[in-house]
Amino acid sequence: MLNRVAYINEPESWKEEFEFYHPLTVRFSETDMFGHLNNTVPFTYFEEARIEFFKSKGFMQDWVKPESEQIPVVADLQCDFLQQVFFGEALKVFVKAAKVGTSSVDLHYMGIKQNDDICFVGRGTMVQISKKTGKGVPWTEEMKQKLGMRASVK
Amino acid sequence: MLNRVAYINEPESWKEEFEFYHPLTVRFSETDMFGHLNNTVPFTYFEEARIEFFKSKGFMQDWVKPESEQIPVVADLQCDFLQQVFFGEALKVFVKAAKVGTSSVDLHYMGIKQNDDICFVGRGTMVQISKKTGKGVPWTEEMKQKLGMRASVK
Amino acid sequence: MLNRVAYINEPESWKEEFEFYHPLTVRFSETDMFGHLNNTVPFTYFEEARIEFFKSKGFMQDWVKPESEQIPVVADLQCDFLQQVFFGEALKVFVKAAKVGTSSVDLHYMGIKQNDDICFVGRGTMVQISKKTGKGVPWTEEMKQKLGMRASVK
Amino acid sequence: MLNRVAYINEPESWKEEFEFYHPLTVRFSETDMFGHLNNTVPFTYFEEARIEFFKSKGFMQDWVKPESEQIPVVADLQCDFLQQVFFGEALKVFVKAAKVGTSSVDLHYMGIKQNDDICFVGRGTMVQISKKTGKGVPWTEEMKQKLGMRASVK
């Protein structure tokens, strides 16, 4: 099924490149009357996992300070739903930086179930913008390195 | 059923005192796997109706200005669920100021269905606090009058 | 900005093809600490608008019946965020069937502000599946016609 | 502050009687433009903690089976907000059965911060009802014992 997803070139290597994940459990209030996880909720999971990802790199802590001059802004988001997800399921939501731009980063997501089935995948571009001007603020070299950490290790 | 609700003295007059209402339709994403409106959602409806109530009195517009020195804070909230509510139902959520304090107001809520059945009722105290000190800021005479408008007409 | 969105060929004709829209107002609980509409919420708006779109065609009423053998399932969803949206803004969320498949339909979305600025656009494929088998159930001719109503009028 | 809460008789013993808790972290999407946790969200936390509480007793697993003849229904819910809660805070949400009725149970809740400050408290009655008749279904002796486990140990 991953073959049909436009932003996934090679499913096997695409999966292997993920390292960071955020664990979570599907809440009752996140289901809907069709008996499964409502399809708007994975975007909340992406946000939660993305923030934990940025926290792990030390970015988020600065962005949420009231005096911070930059905030991260989501330019776009998408999700492909591969399997139904049900109340109480324990999921791992993986995040990786697929491509780092001047002031943006393309993040990819993968949600997996306890049996390792992939239930949804996604992607989206984040941009670091200035609160004042609303324009993109370039990553520092340090930030770039942290975002591309894995690649640079190679 | 209203007889059993502690904050309702006389069901008939309690119902009649409502004037303001906010209309809304139950969203699909607000249902849960039991097939009905999830019980956390009426609190969102209360918030929405309360804000429209405050807008109708000209309060909300000031509170959301970044330069505003006061914000409204919810001290407590409660809801009694009298009937199940389903996807797509059109509800009216009524709001009234049941009691006006120095810097607070006790708001009551009533949700009714299209057949006029009451599906949920609720209440909660709001306090106008100072952003700086976190302490209550007394209502102006004008605000008090607007909150108690109906009573003062009597 | 629409030029950069992969699923929009010609921005002008793309915009003009929309007819159906669902009006809504941004709730307070839908904002986040960055002061604007949280980016997970437009997907809820898409759902709400999509359901109203399907209601207008008479599809939704059947799908939510417990005895219905088919339900609509979202295969994928995406959103491009073009402008910040704030508390209390009145939006129109437009929906159209961009392409009708055997048992699926590709829906496009456009959110506009009161000044006619486009604040977000999106798309996603819905599939009508069998509750029992989980497989796609072809649209009837009548359904196809209703989905493509506009095109067929030309 | 707990002295002012109607359903708390003796704050100290009330706090001490809690044993079960569910840990969680405040999501970014759960904040609002006032910069803190939106006040509708603790009810979602109560639901999540309540379900984990019932899971720990083996009740929830049966209720969510499609063939189950009983479901739990929330009769009422309330929350007192004692302290602001912010993005990223790690909370413990405690739950206890304060009083067990024939087919109902009065649950109490307490949310605490990492510094042990109580940020919100709450309560609400749950009723086990029959899916068919909508009427209360008495707890079995075994269920009663499990709900009142702590008391019965004394």
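We just call them A, B, C and D in the order they show up, numbering each chain from 1.
In this section, contacts are C-beta pairs under 8 Å (C-beta built on N, C-alpha and C of every residue); 3 or more make two chains touch, one makes a residue touch a chain.
Worth saying up front: this structure is predicted, and the values here are computed from it rather than measured.
Participant: Would you mind checking which chain's C-alpha centre is most distant from the centre of chain D?
Facilitator: The most remote chain is C.
Participant: B-C or B-D: which has the larger count of contacting C-beta pairs?
Facilitator: B-D
Participant: Please compute the C-alpha centroid of chain B, do the same for chain D, then give the distance between them in whole Å.
Facilitator: Result: the chain centres lie 23 Å from each other.
Participant: Quick check: how many Å separate the C-alpha centres of chain A and chain B?
Facilitator: 37
Participant: Could you put a whole-Å number on the gap between the CA centroids of chain B and chain C?
Facilitator: 31
Participant: Give me the residue numbers in chain A that touch at least two other chains, ranges are fine.
Facilitator: Chain A, residues with two or more chain partners: 28-29, 33, 38, 40, 44, 47, 64, 87.
Participant: Indicate which of the five shapes (line, ring, star, complete, other) describes how the chains touch one another.
Facilitator: Contact pattern: complete, every chain touching every other.
Participant: Write out the stretch or stretches of chain C touching chain B in their complex.
Facilitator: Per the touch definition, chain C meets chain B at residues 27-29, 35, 44, 47-48, 51, 55, 60, 64, 87-88.
Participant: If we count contacts the way the header does, which residues on chain B are in touch with chain D in the complex?
Facilitator: Residues 33-34, 38-40, 43-44, 47, 64, 71, 73-81 of chain B touch chain D in their complex.
Participant: In their complex, what parts of chain C are in touch with chain D?
Facilitator: 28-29, 31-33, 35-36, 38, 40, 87
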